[in-house]
Amino acid sequence: MLAPQMLGISIILPFIAAALCLINVPTLRSALVIGTGVVVSLASLLLVQSGTFSLTPESILGINPDGLIAVLDFALLFVILGIAYRLKNKLIAGLTLLQIVPLAVLELFMNPGENMGPALYVDQFSMIMCMVISIVGSLICLYGLPYMREHEHHLKLEKSKQGRFFFFMVLFLGAMNGLVFSNNLLWLYFFWEVTTLCSFMLIKHDGTEIAVKNATRALWMNMLGGVAFVFALIIFRSQGLPLSLQEIITAESASKLALLPVGLLCFAGFTKAAQMPFQSWLCGAMVAPTPISALLHSSTMVKAGVYLVIRLAPAFAGTLFSNYVALFGAFTFLAAAVLALSQSNGKKILAYSTISNLGMIVACAGINTPAAISAAVLLIVFHAISKALMFLCVGSIEQKIGSRDIEDMRGLVDIMPRTTMMAALGMVTLFLPPFGALLSKWMAVEASAHLPLVVIMLALGSALTMVFWGRWLGMIMTSVVPDKVLPTERMPLFFSVPLWTLAVSAVVISFTAPGLYTSMVLPVLERFYSADLYTAARGVISNNIGMFAIYPVFVVMALGVIYAVRASSAKRFFRRGDYVTPYVCGLQDPADPRRLGFKGPLGVWSEFKTTNYYMENIIGESRITGWINLIAIGILIILLAGVF
Amino acid sequence: MLDMTATVLRNFLSKTHTRLYPFQVRETFENVRGNLDIRIEECIMCGMCQKKCPSQCITVNKEAKTWEVDPYACVYCGICEECCPTHCLFMPKDYRKPARTKELNQQLQLKGPEKKKKAKE
Amino acid sequence: MGFFQELLHKSRMKSPWLIHFDCGSCNGCDIEVLACLTPVYDVERFGVLNIGNPKHADILVVSGTVNPRNAKVLKNIYDQMPEPKAVIAIGACGTSGGVFREAYNVLGGVDKVIPVDVYVPGCPSKPEAIIDGVVLALEKLKVRKPEKDTEPLVADLKKAREFYENREERQVTG
Amino acid sequence: MDFKTFSFVILAVILAPFAGGLLAGIDRRLTAWFQGRSGPPILQPFYDVIKLLGKDRQVVNYWQIFCVHIYLISSVLCVALFAMQADLLMIFFVMTIGAVFMVVGAMAVPSPYSQLGAQRELIQMLTYEPLLIIVFVGIYLVTGSFKIDDILSYERPIFLMLPLLYLVLTFALTIKLRKSPFDISTSHHAHQEVVRGVLTEYSGPYLAILEIAHWYEIVLILAICGLFWSTSWIGLVLLLALTYMAEIVIDNVTPRMTWKWMLTYVWAVGISLSFFNMALLYANSF
Amino acid sequence: MATIVPFGPQHPVLPEPLHLRLVLEDEIVKEALPTLGYVHRGLETLASIRDMDQMVQIVERVCGICSCIHAHTYCMCIEGLMGIEVPKRADYLRVIWSELHRMHSHLLWLGLLADAFGMESMFMHAWRIRERVMDVLEATAGNRVIISVNKIGGVRRDMSPDQLRWVLQVADELEKELDLIKPVLTNDYSVKKRTVGVGVLTYQQAYELGAAGPQLRGSGVAQDIRMTGYGAYKYIDFAPVVEKDGDSWARTMVRFRELYQSIDIVRQLVSSIPDGELAAKVKGKPMGEIACRSEQPRGELMYYVKATGDKYLDRVRIRTPTFANVPPLLVMLPGCEMADVPIIALSIDPCISCTER
Amino acid sequence: MAFETKNVEKNQLAAEVQALKNGGQRLLTMTCVDLGESFDLLYHFDLDLQMTHLRLTVPKGESVPSISGIYFAALVIENETQDLFGIKFEGLALDFGGHFYLEEEVKKYPFCKVTVGKTEKAGEGA
């Protein structure tokens, strides 16, 4: 068993590789990124072989690890303080100080006591997270290689900033891996702050005014979470509780007393997971080049937030607080879906959809039944894969057509058929059965059935989701040239490898969801819950209130798709039919009946033109964000009050 | 909101208003202008109908002794019928049937007025 | 296959969907076409629906005179109907141009632009006559005729142009 | 799946379109009577579909063909799953595949009507989907399960506990049946500002496939309605007959409304009715 | 961000070929531009190849729906130029037929409006009761739609006492049937939801844009050409129907109440119809200029005739109400919803065939 | 019914029409009559069921000021006249450029007597 080594590799290798990336040699950098990706992915896969175990490293490079972490903590915070000084931002400085001081108090004056617990803890949940981070994250980094070359070419940069870029990208992977494996909350805190810093640096990567502004916002919001985190630590310690995640959630003692610090940790999780009212930092992050958005949205950063909340879920099971969390998550789910509906900016839609999905995950954690937690864990996986796919597709599309507005993507299938197919697949896997994301949604709705308010929000939100995905899916398929042979599309190798891998795995993993559930989710759940667990037999996931027949639906739909593809193939069709032009009340141009549009008043030609309904003046972003934030803050206050 | 319900239910409960044409054909009203025809023997080829027809769809050929109407251009106004001095034009009340091809209604006069002339002589 | 063939033919006869195009009619014929749909005549008894969309329709019912502007529309609508299809021209105007056939902006009847299968005379045609016309057109629908009318409208319009050129002569003889 | 269920599923899949078509025929006949006409033969929908199947194929692009087939398959699958007595919520989600692909098929065509229709269809989905979920949740609250076999074995008619939710379900039914006042995205005839909305650009065999898929859907939704009185055949038939009759009357006495009205009205009324019904349930259980 | 939609010329909702190019944003109409000319025949020029008697038949076919009013107005012009005194019975008969036309026209329109907002049963109802009027027309005049009863100097057909009694009977029946659907138009929530406040035309706008007929009266302007007392209108008693709101509902109500008014007028006329000649003798050729007006179901119709004593008239100019109602339509459309376009378009009762002649 | 018209000159037209509008007159329509060498343009107005007519005589080939700025409704009438008689209106609010009714295939200005065969005689006779 090489488990500890694998663990080490997946955390430390990215740190080292990241540092090496700073050497500005393109080939070396590519090799490093590819190499790290492959090794880390393999390591994460190998790690799965091992069972649950915990570990406290004796030393790292000969230094006492706890001490090292403490020193690095302070170093990190001072770096941020420096940044705050450079940005002349008092808020960030204040928030940093609010962490430095309590942390110092904690480290220097508060006795750690006996029960520290192991520093690292590995179970199936963290393994899943690690796989997602390592594999999806690496694929995104791979994709970054050609993307950033093109990007800097577009921006006509004199001096490449790619070294810095990949430094933070790769570092991010290491930090995330560390985060999910940490059991010691102080370690967790360190990695937590590393991701904050990385995300700040990445968002401001392009250095434009708006990028800096949005990065700053991301920083202070996340620092807010950091502050909550530190205070949670202090409270734990002052109450004599161990700073060990596993003990907090399993210990019987940690009932009433620990609810406040758990609540604070959840709060930290909400900020990181960009829950309402903190959604703006994640939307702001859209100014960054696409690989960054993809990384933040799919496999890292935001997932750290929900990871923590789910981890803590058993600690507040059955409390009123839990119900509030469910409500809060459901509200985010609904509100983000409404906002997504009003957007025509493709990346914004993706952003709001991410927030919406995270809201669902948080809601699941709040519903806090085994069904809900399974939904949450599975959704993390499925969402990461499909969302990464979507982002990468939108990135390629943007590089090709120079716009991220979905209205400009009408008829995309005629311009870049392959990418469009991938994007379509990405969307379908995000919102239609029998794919995993919908499986999770199904679980969530059934699990929340006893909470009327939550279930109504989930129902409304899920319908909205259907609308904004459905129309996007429809519009990229608008084929503008009816009988032209599809153009072939050439993709760079490092575009097509990640895209294909993600696309195939989105389908395959959805198909193997029952297996995934039994092997990876069930063991974790069994530790905390006994009743109402789902069982997966012969491709059917079921419990006493519902069942989802994955294999039958999959098989029938797959056959259906094959049949439909054959039926619609141009070769077969031409034998019996004809391609015609759309109906425009008889006003086709008689001279050129293939032209799309109609001959209108004054004999003037009107091109075909339609747009979706965004209802800007009813649910426009600027119109309702304020209200949404207000409600969200309200729920948040009630929620935090719920811990007492 | 549902103010139409009464009417609809009344329809539902009463006999349908449908006339089952073509299985039941209603007797056409008297004096309906359904078609245009001629008793060609009585025509004196005066050309009055041709002159007065607003649609200009009648052709009277005095030499060949033909009277011709284009039933697909005729608007069944009855002007010709009214102005015909011998009242040889008449309008049966049954409408003219649809057809696959357009055919003129051409009538050739074989006897009729010629006899009259002879009689006069 | 015999049985299915029969079934198909029977269904075609029993389900003629109409599209009505007012091609410059005075409304007299239009309202008579619409009157066929009303309770008193109720052509839905024969499966007739006024479907309104050429892509769904089997029978094109045209009333009114053709002029250069609506000729293009008429032709386009006809082209958009999938085979098997039939055309019924309604009224004096539809069949020949009626009283207006010598007006300067009138090309004549519907058959100037598209092939017409049934002519229903009258001004306006009686609803009964229109029903008869539909029944007459059903034969055409029964078996799909392979030939397609591919003559582009541009050529038709050229013919229309010629029609104008000698218009004055025709006026004198008319 | 044992042999009995399997044969039942096969039977359901085969019979559903016939039932749906017959229902459509009866619907047209009754509608005619409500309008004082004598109406088409009961088998008219079958003639229509067979005729459409025999028409020339023409499409604007291949996506249309793809999408109709997916729509058909998902509707068939839904009926099959229902016959298998699977999970209601799952059936519902499978049904959305079809609905979404119908929209995609309509949006795939660069035609203004089809596009407007697709947008409206999306709004209709947005309107009825939450309501259906809420109805299913209501059924769960009564019977304690989402699985149809459990629901069927519940000993009392659910209708008695969920009368208001049944009303909410009929909203969804009206929208799905494409009847006034909710025939907004498409309707049976094209007498509508968007011609026939999502169906505008389909013709011939593809329109026929859509029609057949629609029959499956109707049967499915009526089956769901039937769950509300599953304890006796008489009750079931009576409930369905009355419901359908009411649908036809409503269709005839209301004009088509606008989508804005639909969304606000149906959500407001539907959600408040649901809350009220759920409150009744809680009150009962104490 | 906009959607461009062609509306017509072949559109299932519009029975007639009118084209509107609509620019929509979230289904709100931002811009509407019309195209006309799909029905333009140029029949006014036929005056140069058809004599004045033949022109009666031609102007009847300007429009099939109110055909006899066209012929009536045209005859009024010629009679005015030639100084012909029309017999009183002819005047009465002309107006009875005109009012029957108004009834069938309004019923037809009501049906089309109902079809436009998807209320099929109302369409069927209106058209079913309209058939009764059509029967009367067919029996008395010999044709259902274009009745060809007018000629210069009088009328071509008479109505027998039996027929006159029958007319009264049909009027009673009609009144009963109308009472049945009256609450639907006045009360029904959904119908009002679709029509109230849709396509509002204020008094000022209606007046300045030259709206005509129910369009004008729906906005509160009490203008009805029948008040000038042409034909037999001078012998009877009635007042224009006026509604204040100026929206589609008001226009609907104007037309609906006019149905009752027509029934009333027909009753008055039938009960006081005098005996006498059907037509005056016509001799000679007209000379001079004249403009005559009448009230069609859709509003005021004006004929201008210039004659030079020749066999052919020099100029016949027809100004139809729908033509006058096009500018108000263009003003009402922007800002409405796509779903309201057919309702607004139908609320002016568009008849393109007389718009373009 | 006597037919009295008031003659106006081209440069007074706008002022006259404006005056009528101020007086509460409704624009009914306008009529164009071909007089051979010139056109008669008749403007018909209505107030309280009384008609008023203005007559403007313009030689062929001359353009006429549009009154669509005063009465928006004149727009359609002027476009129609422009199509049928070829009179150019200056300042049309929306100019269909001679394709209000007519397609390109149709002869220009069909209502002018010179272009229509048989009517020429009648025109000369007048």
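For clarity, chains are labelled A, B, C, D, E and F in written order, and residue numbers in each chain start from 1.
In this section, contacts are C-beta pairs under 8 Å (C-beta built on N, C-alpha and C of every residue); 3 or more make two chains touch, one makes a residue touch a chain.
Here the structure is a predicted model, which means the values were calculated and not measured.
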Chains touching both chain D and chain E, listed by label: A, B, C
Top chain pair, ranked by how many C-beta pairs fall in contact: A-D
Identity of the chain that, by mean CA position, is farthest from chain B: A
Farthest-lying chain, centroid of Cα atoms versus that of chain F: A
Innermost chain, where centres are averages of C-alpha coordinates: D
Whole-Å gap between the CA centroids of chain A and chain D: 35
Computed distance of Cα centres, chain B from chain A, in Å: 80
Between chain E and chain B, distance of the C-alpha-averaged centres to the nearest whole Å: 28
Whole-Å gap between the CA centroids of chain A and chain F: 70
Touching two or more other chains - residue numbers and ranges from chain E: 3-4, 6-7, 9-13, 27, 37, 40, 42, 45, 49, 57-58, 61, 119, 121, 124-125, 128, 146, 190-191
Per-residue multi-chain contacts in chain A, two or more chains: 580-581, 583-587, 601-602, 608, 610, 613
Two or more partner chains touched - positions in chain F: 99, 101-103, 110, 116, 118
Residues on chain D engaged by chain C in the complex (per definition of touch): 28, 32, 35-41, 44, 46-48, 50-51, 53-58, 189-191, 195-196, 199-204, 207
Residues of chain E that touch chain A when the two form their complex: 1-4, 6-11, 19, 21, 25-27, 33-35
Sites on chain C touched by chain B in the complex: 39-42, 45, 88, 92, 95-99, 101-102, 109, 111, 117-123, 125-126, 128-133, 135-136, 174
Chain B residues within the chain C interface of the complex: 16-22, 25, 34, 54-56, 70-77, 95-102
Parts of chain D lying in touch with chain B, wherever the complex brings them together: 30, 32-38, 249-250, 252-254
